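What follows is subunit A paired twice: with subunit B in the first complex and subunit C in the second.
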Partner chain A sequence: MTLFNKWLFKKPNNKLEGSADVQENPADALVACDSCNSSFPAKTLPEQDYTCPRCGALFTVSARQRMRWLCDADSFCELDTDLRPADRLQFPGYAEKLKKAQQESGEPEGIITGTATIDGLPCALFFMNPQFIMGSMGAVVGEKITRLFEHATEQKLPVIGYTVSGGARIQEGIFSLMQMAKTSGAVLRHSQAGLLYVAVLTHPTTGGVVASFAMEADIILAEPRALIGFAGPRVIEQTIRQKLPEGFQRAELLLVKGFVDRIVPRKEQKQELAQLLRLHGREAV
Partner chain B sequence: MFSKILIANRGEIAIRIIRACKEMGIATVAVFSEADRDALHVSLADESYCIGPAPAAKSYLNQEAILMIARFCGVQAIHPGYGLLSENAAFAELCEQAGIVFIGAPADVMRKMGDKDMARHTMRAAGVPVVPGCDLVTTPDDAKREAEKIGYPLLIKARAGGGGRGIRRVNSKAELEAAYQSAAAEAKSAFSDGALYMEKLLEHVKHIEVQLLCDTAGNVICLGERDCSMQRKNQKVMEESPAVCVTDDLRARLIDITAKAARQVGYVGAGTIEYLLTQDGQFYFMEMNTRLQVEHPVTEMVTGIDLVKWQIRIASGQPLLIAQQDVHIDQHAIECRINAEDPEADFRPSCGQISLLHIPGGPHVRFDTALYQGYVVPPFYDSMIGKLIVSAKTREDAIRKMQAALCEMVIEGVNHNAQMHIDLLCEPAFIDGSYTTDYLANRKA
Partner chain C sequence: MAGAFTHVQAARQKNRPTAQFYIDHLFTGFLEMHGDRRFADDRAIVAGIARLDQRAVTVIGIEKGVDTGEKIMRNFGSAHPEGYRKALRQMQLAEKFGRPVICLIDTAGAFCGIGAEERGQGQAIAENLMTMMGLRVPIISILIGEGGSGGALALAVADRVWMLENAVYSVISPEGAASIIWKDAGKAEEASEALKLTAQDLLAFEIVERVFSEENGNFDKVTDTLHAALTEELQALCAMEDTARSEQRYRRFRRMGGNAL
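Now for the complex of A and B:
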């Protein structure tokens, strides 16, 4: 039993001393890890590859951030920057949601595509953006991926794709589902041309994206502990009314089951991808 | 000025800081351990958050949890109080990286003063006399050679020392090697640093310390000295200011040299330099405390300067508005530390529920405490439950006032040492001010 509580004490009516010069705190100077709750200065995040130094959990990073990590400096040449999403179905609230996502992410859509070099090796790349409606796949995302694969096929370039997605974008209804078939077709033609496609599945890669281009790569890499699956674990739990085992749909289990070829920590990704491109290039000669 | 501060401490010092904030119009955030749910600082602060289980290592020393609360609450500064994280340079750096002001000394100064050998060197370079001794010794033979130069008896001390660990008294050459080996082993296991140095053992000395206040613009003021010679097992039990043994001439020299040292190390904030004063009036640097001290109220009572408020103002970048010539000490103050311990049972810590509490009052009587009637003193932390401070025009009046105040104080439910203070105030060595740091150890109860 607490004898004292806050209601017993009144708040003094004292104005802040020298209140003219109130110091402001820089926002977001500290970040907390969602997984182990430890916190550390945001400034140190880049040098730790956006990985929690305590538990190894991965922080969400934007598409552009990944592009900067992976591509050689100033080598990225972005494609199809003029494609903008449209609210074709007049879906309630979609226009506002798009506007909000665009403001928050600073990107017009949930993906960036382009060509670049990695360790001097040319390739075509796409990066999905978790900060844009959780990387959901709408018509523009599908179109940009399709065009990228077509461009790569034409230019005889390998493709490296970073996926992160909650699945097809509900607000675009059937149009977003059609992207699965469209992108798969483009991936197939790229493959038939004898070109390499490496996918890097990041947390989380789910839904229509898994059911199409994410799982169609020649080599499928994944980030540690990434959630990869078609229906999310909560949906499955609610449907089958059973608790799912630990590690279900995680990259480590998928590696054991053969859906993923290798798990690559963030620090090693550039080196690993460059190595794959190098090997592939030599083989193709 | 900061509009919100987190207090990373507990007990009376947390309350002392919250009170200063309330006067300054600053919102306060308290943190507490599971054992401190009912503590006064939790109720007194504007917001309070639990940061872990009872042991301090898991709560009050949990830097990440504290920083996370700080961020969550949007505080601009953290006040560490004394003890706990107050002299932790790594925490100060972490705060800085997180964009939160650490109300304390700069991290590099803290680091310099935390390394005893480096502190000796720094102070010697600043012209402060240090206890005659030697630099680091690496082998017992090396130590023997240096010991001849210093003379016995002497002390072997660990560079990384603290809390009395890694210290050995050596009376003669025969004892040196064994003492060297055991001090090195103890220092290595306690601080993972077995480096040792040696100092001449000074006996029958006074512990005199000088209070500093420095701002970021390089202004330094000294707020007089405190005599903290009444100690039991290196823990101060009674403090007073000014010190009887410090003459005006000596005080002027102490203030001059302390201010010089503070400038030399680039000190900022409230700090204290501790000296050993020998019978023949020589003083030697002992250590620098880069934080607020338990006995700071003694200085506040004689100078009328609120040290905690100035710490906060300085940390927010304000310049000192007091010059050295504005510091007038025309009062005498005494502080008695009231500890929950059993004087009958070798001062074993005591805990339990406070069944009756009466706090002494009247003019110039101050009682800093976190107690309230019904509060349960937990067994996990420091045994100090209060500080009784009085001030008067003369030392004699201050002693009378303290006698009266101690006798009026009622704390029932735990054992405490008030009676010891009542006795001490009547003893000749206290009355004439001649007591030295070994007084309590040699005293027959």
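Now for the complex of A and C:
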């Protein structure tokens, strides 16, 4: 089943979920936390790890904000910036939808990929973008992930990937579905080369992304309270005609059920990723 | 644009032959193997060992069931994670013993439910995709009816993917697409056209290699043609070096959605 958690992006259904203006804020702008209604200067968000300093709610962050926050300053070297989505099926309304997403996000597609250092340690990274058609996986998203893993295999680099996705991009039809197989092939080759792949699953990671590269990592980390699942909660409720239990498909339950290695709060992520990179380095220090 | 939805309806028609029909008519001496060794035996997936002429092969089918009782027992052909893990186990045994794998796909999609989620439906499908991509024996997948999204793809990472004339293969059901995109599940017909999910569309997109005529419903004739095609194709695939075949399989998927960017 394809995932379509459109509502998740509009109305977070749990009180721990924060939201923020994800555009670049003017220097003196204030942001308000949806969960506790406290407000504070937007420019302090990165140093607060995009976490509400009062209640701990997580703010939605763009791919680029996350990249700047995680990677060592000026170390990110972006790859494949020239790839643009194609409307292969000429799906009604898709061309306009793409244009709108590009204007609103200021990005050509729903993912950025590249190489960088974290605490001085080189790695290849991808960051999916929740603001681009719900982080859905179209052909460019699949292609950029595939190229990143191929590049990392060639350069003998570990991969760190931040996922956020409503699932497949319906408007790209079968080409979207095929990205699941394509990316899986590239992940496999990277793995067969003995290289490390760490996925960080953020809210929400669903559908075809869960059923491919998100769940294929050697180490799977998740952000607190992130919704992670194959089918969206609304689809499940419609299928089984009953309400889902509290906490269902949340990172904490996936940990209990054995599908996530660790839940890592944002303020610990950089340090923990660096630690993992060191532990898997050629001369582990 | 002659009626993509008529193909959808034909693929779902209740008297259409299901996986077991093809297993009975294409192969001899089918021995069904049950269970995933981890949780349960998912009856939506039928898996086992048989012969295609003289050659031992592993056969995996998604089975919708024929009568009402069987349909319920088969969960209408929607597998749980244990179904995909049963298939995976049989594929790994096929690799160990050098048997080609033949998959017969007919599902509205992987099952959506509490148990399926809690036991890792996404993880189970992901593991199949990755494992099939590296499997060192030939794989041929045939879409015989509905090819519903990740639940179908989990058995379709193959060297050759074929479709019957009225089979459909899509990232989402037409109803699902219509309700998301147009907020109206009633627009399934329009969505069927827009999704380009027919065998002819997918042949043109080079997503599948071959489309087989349904001979106006004479499915005995269809199986005769399929039998000959499988025999011939397996011969060719088995003649290839493992590494060359696996490189070809990687390239097969690698090019999809990679051009014209």
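For this structure, a couple of remarks:
Just so we're on the same page, the second predicted complex is superposed on the first by the 239 of 285 C-alpha atoms of A that agree within 3 Å, B and C clash if a C-alpha of one lies under 4 Å from a C-alpha of the other, contacts with A are read in each partner's own complex, and residues count from 1 in each chain.
Operating definition for what follows: a contact is a pair of C-beta atoms (placed from the backbone, for glycine too) under 8 Å apart; a residue touches a chain by one contact, two chains touch by 3 or more.
Small disclaimer: the values here were computed from a predicted structure and weren't measured.
By the touch criterion defined above, A:Cys55 lies against neither subunit B nor subunit C after alignment on the C-alpha atoms of chain A. With both structures placed on the common chain, the touch criterion links A:Pro41 to subunit B but leaves subunit C unconnected.
Number of subunit A residues touched is higher for C, counting subunit B against subunit C. Contact with neither subunit B nor subunit C is seen for A:Cys77 once the two complexes are overlaid on the shared chain. Legend: residue contacts after superposition of the two complexes on their common chain; A:Leu30 is shown touching subunit B, with no touch to subunit C. Looking at the shared chain after the overlay, A:Ala193 reaches neither subunit B nor subunit C.
Within the superposed three-chain model, A:Glu216 lies in touch with subunit C and out of touch with subunit B [touch as defined at top]. On subunit A, the surface patch touched by subunit B in one complex and by subunit C in the other comprises residues 1-2, 4, 6. By the touch criterion stated above, subunit C contacts subunit A in their complex at residues 109-110, 112-114, 116-123, 125-127, 129-130, 133-134, 148-151, 153-154, 156-157, 169-172, 176-177, 180-181, 190, 194-197, 202, 205, 207, 249-250, 253-254, 256-258, 260-261.
Touching subunit C in their complex are the following residues of subunit A: 1-2, 4, 6, 83-86, 88-89, 91-93, 138-140, 142-143, 146, 168, 170-182, 184-189, 191-192, 207-208, 210-216, 228-231, 235-236, 239-240, 244-245, 248-249, 253, 257-259.
Against subunit B, in their complex, subunit A makes its touches with residues 1-6, 8-9, 11-12, 14-19, 21-26, 29-30, 32, 37-41, 43-44.
On the side of subunit B, the complex with subunit A involves touching residues 1-3, 22-26, 37-38, 40, 43-44, 46, 64, 67-68, 70-71, 74-77, 94, 97-101, 313, 316-318, 372-375.
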